[in-house]
Amino acid sequence: MVIESRVQNGIALIYSRHTTAAIRVNENEPLLLRDMAEFLEGAAPRNGHYRHNDFSIRTANMTDDECPNGHAHCQHLLMGASEAVPIIAGKLQLGCWQRVFLVELDRPRTREVIIHVVGE
Amino acid sequence: MVIESRVQNGIALIYSRHTTAAIRVNENEPLLLRDMAEFLEGAAPRNGHYRHNDFSIRTANMTDDECPNGHAHCQHLLMGASEAVPIIAGKLQLGCWQRVFLVELDRPRTREVIIHVVGE
Amino acid sequence: MVIESRVQNGIALIYSRHTTAAIRVNENEPLLLRDMAEFLEGAAPRNGHYRHNDFSIRTANMTDDECPNGHAHCQHLLMGASEAVPIIAGKLQLGCWQRVFLVELDRPRTREVIIHVVGE
């Protein structure tokens, strides 16, 4: 993407168009990924109490396949929708151990991520 | 803002100039907003112990209307000062459920938010 | 940096090339810095259980001076690798109390931070 864009000096913005799937830069070590999943579950447990999950009282933003995902929104609040990575001399400046993750916080599904390269 | 800027390809950076008010992208569902307020209160309770709130020992950065807000700084640490959203073909690329929030973590007051559109 | 770049309208992206050192904008008040360290320790304790720290089973990404830092990765997940600050009329738009921090989450060591100024 960055090479194809021919941008020499700029920013790559990796952006999730969702509120229950986040973008994060971290290390891709399999055991760590499990630690982080456990950590997020501890921060906002899937089976915790969320008004957003009470479909008997909620009226807004209901879809046909609505499922209880209050925990996923709270976890997303901690992480955010995007990460920005510098491009210098046409190269993405990720550190040695840095990898970019789409963090699925709800159930498996198709997601839309924009990799937006700006600069010159 | 984005239309007025006439930027076709770029980034909208929504930036809070504060350390106790954050910018986040999430879903605007009234019950969820209450869940998230409760979640943040659980993460860093307003009535918790913070040295920053002990005005008998603190000497730095004291203002005339200083009030105890250690919890708000800690919650801000989790969320950050800004979100960046791609602009493509002159349109802000927010997802279907995504809305941009100024998250007030301290007491109600006037806040300054910069909506900074860069690109061409 | 911003002045030297002569950029009048743009973004300063302050970027940590690490997965155990984060960039955050917050207030530089000495007691608050101790509160935030304690807050992060509470969120992901250094002595907690992390599979990433179990060198008897972990095989990936091992270095010669590997040390247990699962807590630092989890804390980094909460904060992120960068902050972006608007530049308007050649000036960095930090708010009155805002300062940019490199947050060391692991042990003291040399770190690499990119201050990337883009715009025109």
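Letters A, B and C name the chains as they come in the text, with residue numbers starting at 1 for each one.
Note that in this section a residue touches a chain if its C-beta (ideal position, glycine included) is under 8 Å from a C-beta of that chain, and two chains touch if they have at least 3 such contacts.
All figures in this text were calculated on a predicted structure; none of them were measured in a lab.
Student: Think of each chain as a node with edges to the chains it touches; is that a line, ring, star, complete or other?
Tutor: Per interface graph, the chains form a complete graph.
Student: What is the size of the turn, to the nearest 5°, that moves the C-alpha atoms of chain A onto the matching ones in chain B?
Tutor: 120
Student: Counting in whole Å, what is the centre-to-centre distance of chain B and chain C, each centre being its mean C-alpha position?
Tutor: The computed centroid separation for chain B versus chain C comes out at 18 Å.
Student: Quick check: what residues of chain B touch more than one other chain, meaning two or more?
Tutor: As it turns out, chain B has residues touching two or more other chains at 11, 43, 78, 80, 84, 118.
Student: Would you pull the chain B residues touching chain A in the complex into a rising list?
Tutor: Residues of chain B touching chain A: 9-11, 24-32, 34-36, 39-40, 43, 78-80, 83-86, 88, 93-98, 118-119.
Student: If you look only at chain A, which of its residues touch chain B in the complex?
Tutor: Of all residues in chain A, those touching chain B are 11, 13, 15-19, 43-44, 50-52, 54, 57-58, 60-61, 70, 73-74, 76-78, 80-82, 84, 112, 114, 116, 118.
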